[in-house]
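Heads up, the next two complexes both have chain A, just with different partners, chain B and then chain C.
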Partner chain A sequence: MSSKIIFGKWEGTVLLINLICTQIILGFPRVMTEMAGTAAWITIIYVSVIMLVAFWLISKLYSRFEGMDIIDISQIAGGGILRVITGLVMTAYIMYIISIVLREFAEDMKVIILPESPISFVTLFFVAGMIVGAYLGLEAIVRLGAIFIPLITIGFLFITIGVSPYYDMANLFPVLGAGPEKIFGEGFFRISIFSAASILFFIAPYIRTNRNFKIVGYASILISSCLFLWSVLSYIMVFPYTVSIENFLPIYQMARLINYGRFFQRVESVFVFIWAATALLYLSGAFYFIIHIFRKTFKLEYEKPLIAPFAILIFNISLLPPNLATAIQLEEEYFRKYIWIVTIVFPIIVLSIANISQKRKKGERKGEKAVE
Partner chain B sequence: MKKPLSSIVRTIIIFAMLCITLTGCYDSREIDDMAYIVAIGLDTGKTNKLMMTLQLVVPPKIKGGDGGGGGDAEEGSQIITLEAPTIYSGLNMANNFISRQINLSHTKVLVFSEEFARNGIADLVIALPKGREFRPTVNILVAKGTAVDYIKSVKPELEGNPAKYYELNNISHLHTGFTADTMFHNFYIQSKSLSIQPVATLAGVSKYKSPEDLSLADSTYKDKGRPAPLEGDFKAGSLPKSGSVQSEIMGLAVFDRGKMVGELDGEQTMGYLMVRGKFNKAYVTMPDPIEKERFVILNIRQARKPNKNIKMVNDKPVIDIRIMLEGDITVIQSGINYESPEKMSILERGYEEFIKKGVSDFLVMTSKDFQSDICGLGSGMKKKFLTWDQWKDFKWLSRYKEATFNVSVDVKIRRPGLTIRSSPITSTEGEIYAR
Partner chain C sequence: MEGYKKIIKKLLFFNEPKKMERFVLKETSSKENRTEDSAENNAEKDKQYRARRRKEPGGIRKIDRGTDESSKKEKEIQKEDENKRKDSEVSVYLSHNLTSMKRLYNIPMNGDVVIREFDIILKDRAVGAFIIFFDGMTDRKVINNNILQPLMMLSSLEIKKAEEDIAEYIKKQILPHNQMKEFTSYRKIMDEVNFGGCAIFVDGIAKAFTGDVKGWEHRGVERPNTELVIRGPQEGFTETIRTNTALIRKRLKDEDLICQNFEIGERSNTPCSMMYIKDIANESLVEEVAKRLKSLKVDYLSDSGELEQFIEDSSFLPAPQIIATERPDRVATALTEGRVAVIMHGSPFVLIMPITAEDMVKSPEDNYVRFPYGNLFRLIRYFGIALSLLLPGLYIAITNYHQEMIPTDLLFSIEAAREMVPFPSVIEILIMEIAFELIREAGIRIPGPIGPTLGIIGALILGQAAVAANIVSPVLIIIVAVTGIGSFAAPNFSLAFSFRILRFAFIIIGAMAGFLGITTGLFIYGMWLVSAKSFGVPFLVPFGPKTANAFTDSILRAPIWKQERRPDYLNPKDDRRQAPISRGWMDNGSKGEDEDEQ
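Let's turn to the complex of A and B:
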């Protein structure tokens, strides 16, 4: 919790990869297929390129604010009011997604392995993980992630490559799927799949230099793009378009298919491991940032007293959707379509204002010196 | 200042929490509280929509592995039949009189009766993937006659465990080529595809009780213009065999629009596997190209995936298929030295013609008789379209009945077996079977 915490590029990158790519083990491959059909993979390449361009712009704008997070930058841009607005907007954004994802994880756990357990009971286990993570702090979360994210990625690759006997390249045709309008028009809004990259603004003080900021940003976007691309490609190759839009947990459905002889089957247990580990790392990481942003926004001295109230709040909000279908709709229909405005456009505006404001201040100082 | 908890108190708290969380929760279910179903049979019901037959394993009576023990296969399973409107309502009813809770996570086969399959199984197939316990690797069978009779006939003597019998039987196509991998996942995605139609393994109960009863009445050899049947000229239930194993699988049931529309015998199934590129290996018997009354046998395998080229000529599909096979000589009854490089090509050409005719007849049958693209030839056509809507509007499956086929087969003999040269058998009258 102390600002003295410092971690490296690797830890920063895996933290962002975890936050960005968690959606893969939820409904991501299906959502992309629903939108672009057999051309979902083209949409991913398209939005990844847009995101890289957006990050190039962001890193240019950020270059004057080395070691600062977006709250500090808002303070420079618009004083206390903009700082509070930025803080509240970012807190609300993370609260929204973490509540829905918490509900989805708990519901999925109930569907997959705990059908008899009440949803609140299952949710409590995840909330407990979030609380423990927040108490231990960011350093513990990122260091644990640095160990587990590579293992989770290996598990993910194991499942997606393990179903290779079911691959059918013909499933990738017709090559333009739902059509260019959907891929490049509606597909643009899917830049929101990278919304969690905005957390980079909050880990900037921990990774210190602008160079590290750029390396972590580009690396996490590129690696996440590759994982997104591979998840969708492997999914479509296994499930043709007409069936790919039915599965609510695509990677789990793929894991259920792995069957090598009489002894190597029922590999979905690997999925349950990577799934629970990803959930706990994602939820504890995102939850920590809610506490951190809220404390910094209102310049509070301590973070730990905020943990319990926010945990109770998120637990209750997560139980508000009446069913799993509503929770999925809240994530996929609204959040994943429009959140890019909050996570990409809003920081660009704040950074632009801060840049103008700094230039103006410099100009004023130069003017004062000239008068002197 | 508050005193921190001592390490002993903390340890006790952690252990207490672990005891509560790890020793059981809402979902704890003991394995011996479960009744595992290995086979589900579905026939048309008399009092309700479905007549459902469940084959449950009786774990204490299943033969163990190396240790042996337990009872025989018949004792190792229990069969019950009931009538219900749907599969899950039937399971609910069965749970009333079976002491243990029914579990589908070890189900190996789902058997539809032929009558049921011909009336349509789409509504049942659509409902199945939602079930968490129902696995996509379950094999789909269509029983000639009734499903209940087929399941009752499964009394394997080599396998004490009926689940193992089904598992091994389901993969027999890897060394016979007379059935195919018809797991539920494939059946389901093909049922919903615009470029391929599904198939199911054909199952049946042997008609013959003793060797005296054997007949060739149901063999398909006459339809093919052969003087005598080869091993692939049969469908399940008509194999000329008798013995304690009454259950059989051989051939495929062909589906279109969720209904069974035809059957393939063993040889046609081999053609299906070759066209799909899923043929592993099998012994293929053929009349000797020179000595027509003798047989030659190659152990054939698919060398490469087949090349398929589909084009539209006068708005009708023209499909070119090139099948590449390789094989080892297993039997030459005539004693002709086909192992020699000069004569080997005679055998290769003979096999090419033999397989080409079989595959061509099979493809024409799927197009003209069944009007069902079970080989997924539409996948090649799909690549020529840019968007899904264009492909959908093309309506490939309804155009398939107009397809014409140009099949070419390439057979390469690689090895002569353990002998490098065939020589004649001699007798007091001189050499016989030798040219």
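Let's turn to the complex of A and C:
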């Protein structure tokens, strides 16, 4: 059934932008500022360029495998064993991030609007959305994303531009912030902010051609970089460095500043819509891919029976960290530093092996023909 | 005096009730429906079964099953017999035909079937004949003047052609009625008679003539009741299928406008017509609609509302997937876009399919008024619909979780109004919403003259007494009233209902988790809609998925001359509906699609 689903470049791009950029409304601008100071925006440009180069390499390596996903490619590269390894690695990676993000969203929501509700109750709303998304399938998720994400982006721009009276260019100085070593040395590991782009490997069969693969890849990386850049730039311009590393919900703090006349003074509650919609789309999208990858790895026939067990699993894992600070630490300290190895380096290795084995097979065939 | 005594006696003493046999609706037993022979057979069978029951433990069930099965078989045999009779051919003998028709129409049990026997005089001999029709469904004058009179009186004229072929002679020379058909099968003849025709059987001819003499009482073409417009045509469909098809055809004078006929309902044999424009509508769409219509196995359909439920894609989706309209102009527009319409006899609502979510928010008037006004209508309507769906939920969410959103002065006034109210706001709003729905429902069911009284009572109790008694706050009355008005702004009756149901869900979910709950609700609702389809067309097209050429008439509409192409999602055979420069007088030799503007 899944092979029948086909969607366009626009839907594919929007899905990836959603998966990549969701971190903006979590702690992303603060984390970047903590690392590189006032030069966080330079890090983003630097990392984006590296990511574009990496994607160029990936698309070159991928060109032989039009319409295949990374599971199929690993099957070609190393047979069933590599397929299972790739599938499990990818499943584990998405499960780790989805559990943490679920916890973060729920905790943040609790802080903003539901301070008296237990965390499990708040989490349940997101889990419900996740289950419905996975149940109705990828087609529904991408289509709804295509409608919601542009609206969410407009909302995000409204917030960041709405605080323009607070912009202070002086906050951008010193230009090199925490120093070149931090920006370019430690900053390199921040390529992980694009880790969700690895989902492109799984939507390749749905967008069919290599050309679409490249367009979706480049477009989503470029648009995401712009959004990253703008979020960090506007954040730094609004809050001085010392304040900016304190806000645990940067974009929410920005929304709280919006003040138009006597009537529109506290519009940050509208931000909850943007927040929850982004979270639900992200979680349902990522959750769908967990199930999809797991099914494909073990060549199962149906996806729907997997939804309930995985939802319960993720719900429970998300409640494991004792508090929000631990969850953020688990994301920033471990995930964002090293996950690029799984999402960028690992696929490159798999693709290279698959390329070599393809070439060898061709060579063998040619040799056989020559012998004949 | 005697009378009084009787009354006192009756009141003081016990009166034995009169023995009356009360009617009980018994289950149809196989015995009663059978002929005497079969009853005897059955008695024998029962004896055999009883004998077997004594031998076998648990035999009762077996006996029951046995009689049930045998009764089923009997019924099947009876039905088969009847079908055979219906399928049989018309006989040459008039008496045989007469008996068959009487038996098929259960005459004399059936009171409104008229059989009139008469003679046709052919030169020197009289040929027996009879005519059969339903009284009340046919036009007496037409039968008298155009059928009976010529047959009985003109037939004595000189025969100008070969004398042998009486059938040919009767049809061509002495039946001046304009719609005469010949049939040899009883079934087809009965179909004609059942739908207001008459059938003429003549001795010696192994076929019957049927004439279209429909003449039942019906409502004339009036203003539509549900989709009123200020600017635009004011006529609506009626309950008569041919009037309705004619109303469409008189707007679309196109020979490619096809009207394919179906009969639905084994008992009602309700005539239905599927209309589409052959060189515009997608063939697979037409085939799909025809397939769904043909596949229906029901005994009776009374309205297109039932038909809609039989052919729609999903019964549980909280939105209609077929538009039911009373307006011929709307159907004509839909047909020119490449859609398919289904008209059912007996219903003034014609079904249009496939549709998308935005089609339900459109009113035909949007295109009849000038471009800026049409867009204003639409924006107001969208606003009204959003209010009807979300306003109570948002009110609950804001007052319970997001008080900071309310400007301080407004917050004070809301609080002051709520101070004396003993209920939490969610209970308060549920009470009012239910009361509002109650008034609405009662307002529809109530007999006409009492209607205004109900309105006054409703307004008084809800508006004033409830506030005065501190049961609800005045702010809430405003919220409920605005919501109610918003729900009446939805141009589609069915859509307004779905929003009414969902509104309660949003109130509950808003009370549970504020904006988070409402966003989750919207997300799930959106997911549901986006995965739905109406006859293969995604429900939220052209937004999800995005399609080309659809934005000229979407949430807003472009000027009429800019709506050059038909919606892409309908995959029409010809996607252009206007020339690149539709306003020929603007053409000053420039080329290109967008040159209209210049």
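Criterion: the second predicted complex is superposed on the first by the 371 of 372 C-alpha atoms of A that agree within 3 Å, B and C clash if a C-alpha of one lies under 4 Å from a C-alpha of the other, contacts with A are read in each partner's own complex, and residues count from 1 in each chain.
Simple rule for what comes next: a residue touches a chain if its C-beta (ideal position, glycine included) is under 8 Å from a C-beta of that chain, and two chains touch if they have at least 3 such contacts.
Note that the structure is predicted; figures quoted are calculated from it, not measured.
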Review point. Is A:Leu144 in contact with chain B, with chain C, with both, or with neither (first, second, both, neither)?
Key: second
Exercise for review: Identify the partner contact of A:Pro29: answer first if only chain B is touched, second if only chain C is, both if each is, neither if none is.
Suggested key: neither
Review point. In the superposed arrangement, does A:Gly285 touch chain B (first), chain C (second), both or neither?
Key: neither
Review point. Who does A:Gly8 touch here: chain B (first), chain C (second), both, or neither?
Key: second
Practice item. Could you look at A:Ala170 and tell me whether it touches chain B, chain C, both or neither (first, second, both, neither)? Key: first
Exercise for review: For A:Pro240, decide between first (touching chain B), second (touching chain C), both and neither.
Suggested key: first
Exercise for review: Considering only the touch criterion stated at the top, classify A:Glu116 as touching first (chain B), second (chain C), both, or neither.
Suggested key: first
Revision key, fill the gap. Of the two partners chain B and chain C, more of chain A gets touched by chain C
Practice item. Look at A:Asn259 in the shared chain and tell me whether it touches chain B only, chain C only, both, or neither; answer first, second, both or neither. Key: first
Point to revise | Touching partner for A:Pro250 - first (chain B), second (chain C), both, neither | key: neither
Review point. Looking at chain A, which of its residues have contacts with both chain B and chain C?
Key: 113-114, 117, 121, 262, 265
Point to revise | In the complex with chain A, residue positions of chain C that touch it | key: 398, 401-402, 404-405, 407, 513-520, 522-524, 526-528, 530-531, 538, 540, 543-546
Review point. Hey, which residues of chain A end up touching chain C in the complex?
Key: 7-8, 10-11, 109, 113-114, 117, 121-122, 125-126, 128-129, 132-133, 136-137, 139-148, 262-263, 265-267, 269-270, 272-273, 276-277, 280-281, 284
Revision key, fill the gap. Chain B partner, complex, touching residues on chain A are 37-38, 111-118, 121, 166, 168, 170, 173-179, 239-243, 246, 253, 256-257, 259, 262, 265
Point to revise | Complex contact set, residues of chain B against chain A | key: 25-27, 129, 132, 135-137, 164, 167-168, 185, 188-189, 192-195, 376, 379-380, 382-383, 385-391
